[in-house]
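What follows is a set of notes on a single structure, which appears directly below.
A, B and C are the chain letters, set down in written order, and residue numbers restart from 1 in every chain.
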Amino acid sequence: MVSDSVPISRSEARAIRKSVLGPAWWATSQIVLLVWTVLVAVPIVWTFLASIKTEVELDDAWSLPAVPRFDNYARAWEQAHIGQYMLNSILVVAFGVAGTMLLGSMAAYVLSRYRFRGSRLLYLLFVSGLAFPVYLALTPLFFVVQNMGTVPVIGQFIGLNSHGGLVLVYIAYSLPFTVFFLAAFFRTLPTAVAEAALVDGASHTRVFFQIMLPMAKPGIVSITIFNILGQWNQYQIPLVLLAGAKEKWVLTQGIADISTAAGYDADWAALFAALSMAILPMLIVYTIFQRQIQAGLTAGALK
Amino acid sequence: MAHTPLTRRELLRSAALAGILLPAAGALSACATPAGNTGAPTAPTAGAKSATNPLGIADDKPFEVVIFDGGLGDAYFTDIHQPLFKTKYPKIEIKHSATKEVAKTLQPRLAGGTPPEVIHNQGANAMDTGALVQDGQLFDLTTLLEAPSWDDPNVKVRDTILPSAIELGTYDGKYSVLTYTSGVWGIWYSKKQFDENGWQASPKTWDEFLALLETIKKSGKCAPFTYAGKHPFYVYETILTLAAKIGGIDVLKRIDNLEDGAWKAEPVKQAATAFAEIGAKYLMPGTAGLDHVQTQTAQNKGKVALLPCGVWLENEQKDSTPEGFDYAVFPLPDFSASDAMPYGTVHARPGEDFFVAAKSANPLAGVEFMRGMLSKEAAGKYVELVSTPSVVKGAAEGLQLKPGLTSANAMLSAAGDNTTYFRFRQWYLPMHDEVAAATGQLMNGRLTVEKWIERIEKKAADIKADSSVKKFTRT
Amino acid sequence: MRYGSSRFIIGFLAAPVLIYAIYVIAPYAQAFYIALTNWRGVNATPEFIGLENFRRLFGDGIFWKAVGHNALLLVLLPVLTLGIALFFAFLLNVGGKSGVSGIWGSKIYRVVFFFPQVLAIAIVAALFQQVFRPDSGGMINSVLPEPVGFLSDPDIALWSILGVLVWQAVGFYVVLFSAGMASIPKDLFEAAAIDGASRVSLFFRVTLPLLWDTIQVGWVYLGIAALDVFAIVWVMTAEHGGPDSSTTVMAAEIYRNAFHYFQFGYASAMGVVLFFFTVGFAALALRLSRRERVEF
C-alpha cells in the first residue's frame, strides 16, 4: 500500500481547512464526539459516585453523598472477596492465555505451513469450534472435567474445583479463534528466511521459535489481547466448574454473586463498591497500556 | 486484510464438515458421560440401631449438606443445625457449602451420581422437583416420618409436624421433601403509617378494599399498591387465592391437575378482572421494572402502602425497615356475599424444600440430620433467626416474636382450616413461568383477561400433551 | 518445507489436538447426541427419541420469538455499531484543524471510547440494570418526568438491550477503523478535498471503499456476537428474557430449558439449531460479500 503522503505547506493546509473542513464542521465533530464520551463515561463515573453513598442517598440517583462512605468498600471486599477473586482471575487468565498462545500458535503454524494427510481436516475441526454455543457443552464438559479429576497423580490439579482444570478448559475453548486467526497470519508471512534456515540445518522447532514466531509478533500480540479479554470475561464455565469451591472463584462470579445478593439484602451500595473495585483496575491497566493495546489490535486485524 | 476471504470460506466449509465429523468423534464422547453410573444407593450404612440412634447410622461416616444462600448464608446451619447434630455424633464430619445457584451447582452432581446427602432446594435457581422425582433422585423420607422424634422417643416425627407439610412433601405417594417452614401469604402494611393517616386496615369486603385504595390514592401521600413487578408470581399468587376464596379449593385442584378449561372457570376470571383493575388504577408507577426487594424497600420508605407477600417479608427487610415501622398483614377481603370460603381464608403452604439425595453415599445420615432439624430446639431457634413460622408444632412457644410474625400467626390461626394452596409451581416450572409472564402483562393492561386465560389454557394443554414431563395429580 | 518433518508435526500438534478433543469435541459430540434424547439432566441413562425434539421445536412459539430477536440483533447490531464507529473514526481522523489530520483530542476520545470493551459482560449487565432502574434511583429515570420502563416495557426492552450492546461494541471498531483510515494515504483525501469534494462524498468516495474489507470482518464478528447474546439479557431483564419473552434470545432459551426446566434433550436440540444458524450466517456473509481474492 502506498502510504507516502505528498508534503503540503501550511498555507495549503489552511486553505483546505477553510474550503472543506471549516470551523462549523470542527465544532460539530467535537460536539458529537463529546456526547459519546459522556455516554460512555457517565455510567462508569456514576457507579463510582454511587459506591460512596448511603442506602438512603442512593434513592436520589444524582445526589452527592454527604460524607463519602468508604465502608461500602469494606463490606464489598468482605462479601464479594474482590481481592481474592481478582487474584484468582489474574492467575487463571495468565496461565490460560500463555497456554493458549503457546499451543495455539504451534497448531496454527503447523496447520498453515505444512501439508500432510488430515491437515485440512484438523484445521477445519479447530475452526468449526467457533460456531458452537458454549451453553450446549456445559453439562457434558462438567463430566469431562470430573473424569479428569480421577486421573492418577495429576487428577487433583485438573479436576473439578481446581484452577488447573479451568485453565485447560479455557485453553481448549480459546483454540478455535486463536488457530483461525494465527493460521491466516502465518500464511501471509514470507517463507524465504525459514526455508533458508532449514536448508542450513536448523530444526523445525528452532525455525518456529526463533524465526517465525518473532515475525508473527503483531498477530500474536493482537490475539493475546483478544484472549485476555475473552478469558477475563468468562462467567458460565467457571460457574459450573468451580461451583464447589468458593475460595477459588473468579471475579465475574464474585460480581454476579453480590449482584444477586443485593436482591436479598438490598445492599446496593456494596454492589456499586464491588463494581467499582472490579472496573477500576481494568481501566487503569488499559489506560497505561492503551497505546500498545490499540496498536496490537489493529496491527493484527489490519495486516 | 488479504486473508479474510480465505478464512471466511474456511469457516463455512469447516462448519459443513463438522456436521459429518461429529458423529465420528462420538467415540471420544465416552469420556463425556457421567462417571457415576455406579452411584446406586449404597447399602444401608452399618451401625447399630438404638434408642438414641434409631436409624442406626454409622457414627463416623461423613456426609455433606448444601444450603441455598438466600441472604442468610449458612448461618442457621453453622449456628443451629450442625452444633445440635454434633452433640449426638461428635465423630461425624459434616461438609457444607452455601450457593445461590442451586441448579447449576448440583445438577451435574446428581446426574453424575455423586450428590451431597442433604440439599436445600430453594430460590430462583432451584431444581425442578418434578424432574428429580421423575428420575428417582429423592430418597424416600417415610423413614423419617416413622422414626421417633428427636425430643421424645414415644412420639413419631410424623406427629410433631403439620399434616399439610406431609401432604405437600409427598410426591407420587412417597413423602420425599421436607418443607421446613410454614409459609403464609397476605397483604402487608405498616401499622404505624396506617395509624398516622387514620387508614382502616383489614377491609372485610372488596368494596371496602377498593375504597381503602382510593382513600390512599386521594391522600397523595403514597401509591396505594405494588407487587414485585419483575416477579409476577407475587401477584398471581394473590389472584389464585382470591379465585379459591370465590369458588372453593376445587378451583385450584383443577388447575393443578391441568384439567381442560380450569382457567376459564368464572372465579378465576373474576379474580383476574379484579386485580387487573387494581393494576390499572392503583399501582405504584414503575412497579413493572422493580423486583421484590426494590418494591419492599419502597414500602419501607413510605412510598407505597400495600403489597402482597409471604411471611418471610419482615425478615428479608430487617436491614431496611425503619424503627417503629410495625409490619402487619391482613387476608384478602370477601369478594362477594356468595364466596365459597369465608372471610379470613389464606394461602398457606409449607415451604423451604430440603431433600436427601437417593444416590448419595450416606443417605441415612442425611435423614438423621433432618430428624435433628425437626427437634423443638432447632425449629425454635430457626423461627427466631428467620422470623418465619415452623412446620414443627409449637416451635414458637415462649418465643419473643417480631410484630409482623405475630400478626401473621394471628391471621393463620384465625383462618383455621380455611387455607388454600396450589402445586403447579413445583410440578411444572414452565407453567409457572407462563402464568407469571402473562400476569405481569395483565397487571400492566397489555393483556385482557380473556387473552390471559387463553394463553395459560394453551400452556396447560401443551404441558399435558408433553409426554416427556411427568404428571402429578392431587385429590 | 518437508524435510523430515513428521516428528515435528506430531510433536507440535499432539498437545493442542488432545486438549481440544477432550474438552471441546467430546462434550459437543455428546451434546449432539443428547439432542436426540429426552434426557432431563439428572438421570444417567437418556432415552433415545430420534428427531422428536426438533419436531416439537417447530411449534414452540417462544423459541421462534427468540429467533426473531436474534435476527433483529443480527441486522441492527452490526449496522448501528459499524455505522456509528465509522462516523466517529471519520471525525477523529479527518476532522482535524490542521488540514486532514486527527481532530483535537482524538487520542483521548479513542481511549475513552474503548473503555466499555475492557469491562466484563457481567459487570456491564449489573451496571446497566442500575442505570435503567425505573424509580428515582435509576440514572436516567431520576431526571425524566415520567418513568420509562426501559427494561419493563415490552415495546422498549429489546431496544434497551440493543443500546447496551452497541454501547459496548462501538469503541473497538472506532479503534479498528481509525487504524484503517490512518493507513489510507493522506493525498487521496487532499486530492479529493482540493477537487472540492464535500465531506459526505469524501466519506463515501474515499473512506468507505478503502475500508470495505475491515468492515466486512467487523460485520462477521458482530453477527456472530448477535447470535451469541446471552449474559446481557439473562442478567438484566425480568424473567430472564422478559418481560413476557420480549427480549429473549436463543441462548437464553437454551439455558432456560436446560438449567431451569431440566429438559436437556430439548435444550440441546435448540443448541444444534443455533449451531446451524451460525453456520448459515457465515455462509450468507460469504455469499453477499463476494469479493473473493486469490487464496494463497
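The definition used in the following text is that a contact is a pair of C-beta atoms (placed from the backbone, for glycine too) under 8 Å apart; a residue touches a chain by one contact, two chains touch by 3 or more.
Keep in mind that what you see is a predicted model, and the values were worked out from it rather than measured.
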Ask   = Which other chains touch subunit B while also touching subunit C?
value = A
Query = Which pair wins on C-beta contacts, A-B or A-C?
reply = A-C
Key: Chain whose average C-alpha position is farthest from subunit C's own   = B
Note = Cα centre of subunit B to Cα centre of subunit C, whole Å, reads 36
Where subunit A and subunit B are represented by their mean Cα positions, the distance between them in whole Å = 39
Request  = With chain centres taken as the means of their Cα atoms, state the distance from subunit A to subunit C in Å.
outcome  = 15
Ask   = So which stretches of subunit C touch two or more other chains?
value = 22, 25-28, 30, 41, 133, 141, 214, 217, 278-279, 282, 296
Query = Can you list the subunit B residues in contact with two or more other chains?
reply = 1-2, 4, 6, 11, 15, 29, 31-34, 104, 107, 111-112, 291, 294
Task = For subunit A, jot down the residues that touch at least 2 other chains.
result = 59, 125-126, 130-131, 139-141, 144, 187, 301-302
Query = What residues on subunit A touch subunit B, complex-wise?
reply = 55, 59, 121, 123-128, 130-131, 139-144, 146-147, 150, 180, 184-185, 187-188, 239-240, 243-244, 246, 257, 260-267, 301-303
Note = subunit C residues touching subunit B in their complex are 21-22, 25-30, 32-33, 38, 40-45, 49, 56, 132-135, 141, 146-147, 149-154, 213-214, 216-217, 220, 238-239, 242-245, 259-263, 265-266, 278-279, 282-283, 285-286, 289, 291-293, 295-296
Key: Footprint of subunit C on subunit A - complex, ascending   = 1-6, 8, 12-14, 16-17, 19-21, 25-26, 29-30, 32-33, 36-37, 39-44, 46-47, 50, 58-62, 103-104, 106-107, 109-111, 113-116, 122, 125-126, 129-133, 135-141, 144-145, 148, 168-169, 171-173, 175-176, 179, 187, 191, 194-195, 198, 203-205, 208, 229, 232-233, 235, 251-252, 255-256, 259, 268, 271-272, 275, 278-279, 282-283, 285-287, 290, 293-294, 297-299, 301-302
Note = Seen from subunit B, its contact residues with subunit A in the complex are 1-4, 6-7, 10-11, 13-15, 17-18, 21, 29, 31-35, 69-71, 97, 99-101, 104-105, 107-108, 111-112, 291-294, 296-297, 301, 316-317, 319-320
Inquiry  = Under the stated contact criterion, what part of subunit B meets subunit C in this complex?
reply    = 1-2, 4-6, 8-9, 11-12, 15-16, 22-23, 25-26, 28-34, 36-37, 39, 103-104, 107, 110-113, 125, 127-128, 131-132, 134-137, 229-231, 285-286, 288-291, 294, 298, 429-430, 433, 436-438, 440-441, 446, 466, 468
